[in-house]
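Please find the structures below.
The two complexes that follow have subunit A in common; it is paired with subunit B in the first and with subunit C in the second.
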Partner chain A sequence: MKVLIAEDSNSDRLILVRLISGLGHSVIEASDGTEAVNLFREAQPDLVLLDALMPRMDGMEAARQIKAIAGERLVPLIFLTSLTGARDLARCLDAGGDDFLVKPYNRVVLEAKINAFNRMRAMHQALSDQRDHIRRQHLQILEEQRTARRVFDNIAHTGCLDAPNIRHHASPLSVFNGDVLFAAQRPGGGTLVFLGDFTGHGLPAAIGAMPVAEIFYGMAAKGFGATDILTEVNRKLRRIMPVGMFCCGLMIEADFKYGSVRAWNGGLPDAWLVRSSGDRVPISSRHLPLGVLEPERFSVSMMVIDVSPGDWLVLMTDGFPEARNGRGECLGEDGVESVLAKLMPWHEPFEALLAEMREHTGLPDLADDLTLCCLQIIEPGASESLPGKAPESVLSGPADWHCVYELRDRTLADFNPLPLLLHICLEVPGLRSWSGEIYTMLSELYNNALEHGVLALPSAWKTSPGGFSRYYQERSRRLEQVHGHHIRFSLSHQPGEGGGTLTIVCEDSGDGFDYAEYTAARSDVPMASATGYAGRGLAILRRMARKLRVHSPGNRVEVIYDWRLPGTATSGGAALPTNEDSE
Partner chain B sequence: MNDKPHLDVEALAELQDVMEEEFEVLIQTYLADSRSRIDSLKEALLAGDADQFAKAAHSFKGSCINIGAPRLGALCFEAEQLGKQSSLAPASGVLERIDIEFSEVSRRLQNFDSEP
Partner chain C sequence: MPIETHRSDDGSTLTICVDGRFDFSTHQAFRDAYEHSDGSVSCYVVDLSDTTYLDSSALGMLLLLRDHAGGDGARISIENCNSDVRRILSISNFEQLFSIG
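So, the complex of A and B:
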């Protein structure tokens, strides 16, 4: 230790210097108060011995100044005194002294006091260092969270969460509470929403959220549907997350054209379909959370519900029903349901739920650890006006090519070729701007070929109420039994001025269907039944393509699609006269 | 009235032990300081400055106690009390006894090593 001795008596100072040096400490000496304060400032000693009575500045004043200079640093200050009155001794301590040493000096007492103060000083230093360390670490964690948040935002941009038909509450730092909420438009129309709640919180939860965001947005943009995305998310989380860490999740795939919603709930509280009539359908958890099961045992069977424009889907993490009021009572899933039950027809559930939550907690703001999202079913086509992706720069790439891709038997049941086919088409420079239409055409051709061609499913089932589920059950059953069948896509692209021509031929091994009768039947059904499925597919193709040919016996459909770069001319075949041939 | 010994032999022996070869320097420093303190006391008395008289007596007392001259220390305490009470009249008597005791202490300290 470095010890400052301030004592005006030369002989007393000599004795102290000798005693303290003898204990192994270094010593600096002052012979009055002013010198003591100056030396303290310069040399920053660890301990001060101060005579109470000194010329120029007495010990009391020097003590006050020294303590002021020391600030947060603990510098023990011991008064040297031959004062004997209790009041005089008390004054020394009042002036900032920590103890006093009475003359004549006793070597044993002096050593014991110095050692005691050294321990106290060391402990204070350790505590201060730890406090500073914690303070620095806390700042570092906040900075890291901000950085992580920026990285996360770059991956999990808001998607289409800002769309007019989506209402949501999610804390800006919700990812550090384990909550994630993503929404994306599908290339061919319709919306995907994923709500997730990771076990744990802080960085571990946020780290798990990154790949989920990447998978969701990446696959959604490529045209993958809910089942493929869920399968991939489960596979990824199962691989990267430690045992005991997983993600409760809820996926909604809303198809506005077909008027259907497919839902998968693994471990989240009941979500609800609230119809504009006021009727409610619960979407309960029927699966284990994501990241728990081996890929082979993971089930993506989804609940299928018919919906109409104006219906609302209500999704929430467990922070919502578990929010507590002042008496520690949870709102509960019953509380949520009773809010929805009291909704007037055509009223929005989002505001009603937020209002209930504010009343329940008595707080104006919602807590950080709950996420609520409501998705409204809208008229088909309305979503096309929603903000889309920024157009990508046109780079060189394949523009003149032809390829044939044939899927057979089991693969028809197990594999969705649309993302792959879309990917091949979008490699054409500039064609990405039309990914929505191309996806729609591919999807219509493929679904017609598979469902009506290969599986021979009657489309009329879909028009009956509740027939949609039956249709899908039958589809799954027949897919299991496919044998000796194929679907063949032949894709060609030729460049043109400011755009090009894409030709898609889709041929299946089915018996075909009577196109003339089909057309006649369709004209009897007014297109006002837009949410109906039957007859809808070819109408869409006809609207998009310059030419639509159905080759006899109705199992080979050819689409010729013209496109222009945006801004060069009217695009696609929509503006051209309808042109159909039947061979 | 003051039956304390001129020197605290035990305390001095310990100081000798602590100071080792510097013991002689310490004794000479104490003696020189003491002479100037006695001068300060005399000046204060002449000037009639009771406060200064008390302070000088207080400091002198401290170094006397530390060096092991208890009787001189006790006399300084008397002087300090008188100064604090502003009774400078009886102080000159005390100062005279301080002078005499200091001569005694001084003589004994010079010969301390030779004492048994």
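So, the complex of A and C:
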């Protein structure tokens, strides 16, 4: 150890130097306070022995300056004094001294004190080193998280979170807090939103989030719906995550065309439907979180709510109601509900909740560990004006083909054929640009065939308030009992100049319907007329297709769809509708 | 100790009591509580009378216990929850996996 001795009496100093050199330490000598401070700065000793009373600068002042220079470094400072008054000794410690030695010096006590301070110094050094180590590692983790975040962003792009009818708050590093938020437009219109909250923080949560992002965006783009995506996410998480790790999640499938929302909540706080009328419907957790149950036991039964344009859906992770103010009180789910209850028709729930949160915490910014998302129900068709997908070049691929696909009995209940059929169609080079319209046609045909043909559900139910839930309950009940039924799709494609013609025939084993009633409803009849929802479905098909035929007895519908590559010279774009009558 | 255990007289039931906050800090102690018991335990009771708070990592620990105790065949009851704790368990629908009293 290097010891600085500051002592104006030459004889006293000599005694100390001998004593301390004798203990094996190296010694630097100063004869007054100023010299002591200068030497301290130059030589950086490990321990300072300081006479309290010295010329030029006394020990008290020197002690203050030395402690200031030492900064974070612990340099034990022991006063040497012949003072014995309690007040004087206390002054030594107040000035920054760590201890004092009273003259005349006792060799045994001196040695014991030096050793004690050396232990303290070593401990302080170890703590400082560890702190610096932690600090460096923390910086490294933050840097790694930033890099990982960029990788994550490339997989879990923002989807359609920037759409004008979506408002959201998610911290840039929220994925490392376990929160994920995804949104995608469905190929046939409508929006899917998924909000998830993984148990735990940091890397494990982020790693679990990656496959969820891929499944969500991958399946959504292929036309899969909420139930298929949830089933797949649960299966995947159950397989890859250790027991005890899971993901609380909330899925919203908003169908603007039919004015309905289907919702699934497994472990997140209540989400809310806030109607423009001011009414509120809670969407409560009815399921275990994702990744807990075996696929066979997992339930995707969804809550169905009818909605109107202007209504808002409000989704949040538990960080929102659990945000604490300075007194440690949570905002609470009650707090959230009372904000929504006080909303005025011109208020957006998103802004109101953020304002409440700022007032609650007294902070201008929201914390990192909460995610809030609001989705507004819009007029059907308004979402179609998305950023266009780049037209593909016409590469080789199947353009002239015919295929028949028939689903029977149990498969009608268990399997959604639309992604598969869409996939077959989109293999035609260039046709992918029209995936939205093709998906819409396939799903209208399929849903009509299944719900009205095979299951014989009256579409009138869907028009009555609250009828949607009854309709969907009855739908699942009848699906369980399907026997001796089928739905057959016959798809053909012929190439044409800069495009082609897709023919879709959908036939079901049901009794057909009184299509004459619907054929009377030409496209010049307003869509929202009392014709009913099935009529609307056919009207949509008629608008997209060149030809629409309903064959007797109303269980075989044929659609002929002409398409052209974007940019190929024809007036009016792709499919030129020349509406035909039914036969 | 935030975690205490005791066995029924016949040794077949292990009761685990969690005192205070049931969160990640109790992770190791909670695991030790059931992993070090011998194979004669057939029934588990998690007594939360003195538990003030429970977070999602505690839910994970309960799932680990369930896995240890035989998964779907596990006999675990969670008892004496206060209303906050009860609410967290029910948001996550854990009554589908545990008997909660």
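The rule is short, and it goes like this: the second predicted complex is superposed on the first by the 408 of 583 C-alpha atoms of A that agree within 3 Å, B and C clash if a C-alpha of one lies under 4 Å from a C-alpha of the other, contacts with A are read in each partner's own complex, and residues count from 1 in each chain.
Heads up, the rule we're going with is that a contact is a pair of C-beta atoms (placed from the backbone, for glycine too) under 8 Å apart; a residue touches a chain by one contact, two chains touch by 3 or more.
Since we're looking at a predicted model, the values are computed, not measured.
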Check the residue A:Ser469 against both partner chains and state whether it touches subunit B (first), subunit C (second), both, or neither.
-> neither
Applying the touch criterion given at the start, work out whether A:Ser26 contacts subunit B, subunit C, both or neither, answering first, second, both or neither.
-> neither
Where does A:Thr199 make contact in the superposed view: on subunit B (first), on subunit C (second), on both, or on neither?
-> second
First (subunit B), second (subunit C), both or neither: which does A:Asn115 touch?
-> neither
A:Pro104 contacts which: subunit B (first), subunit C (second), both, neither?
-> first
For A:Val243, select first, second, both or neither according to whether it touches subunit B, subunit C, the two together, or no partner.
-> second
After lining up the shared chain so the two structures overlap, which partner does A:Gly266 touch, if you call subunit B first and subunit C second: first, second, both or neither?
-> second
First, second, both or neither for A:Gln44, with subunit B first and subunit C second = neither
Jot down the residues of subunit A that show up as touching in both complexes, subunit B in one and subunit C in the other.
-> none
Which residues of subunit A touch subunit C in their complex?
-> 197, 199-200, 243-246, 248, 266-269, 285-289, 292
Could you pull out which subunit A residues touch subunit B in their complex?
-> 8-12, 14-15, 18-19, 22, 51, 53, 81-82, 103-105, 107
In the complex of these two chains, what residues of subunit B are touching subunit A?
-> 11, 14-15, 18-19, 22, 25-26, 29-30, 32-33, 55, 58-59, 61-63, 65-68
Subunit C residues within the subunit A interface of the complex | 56-57, 59-61, 63-64, 67, 91-94, 96-97
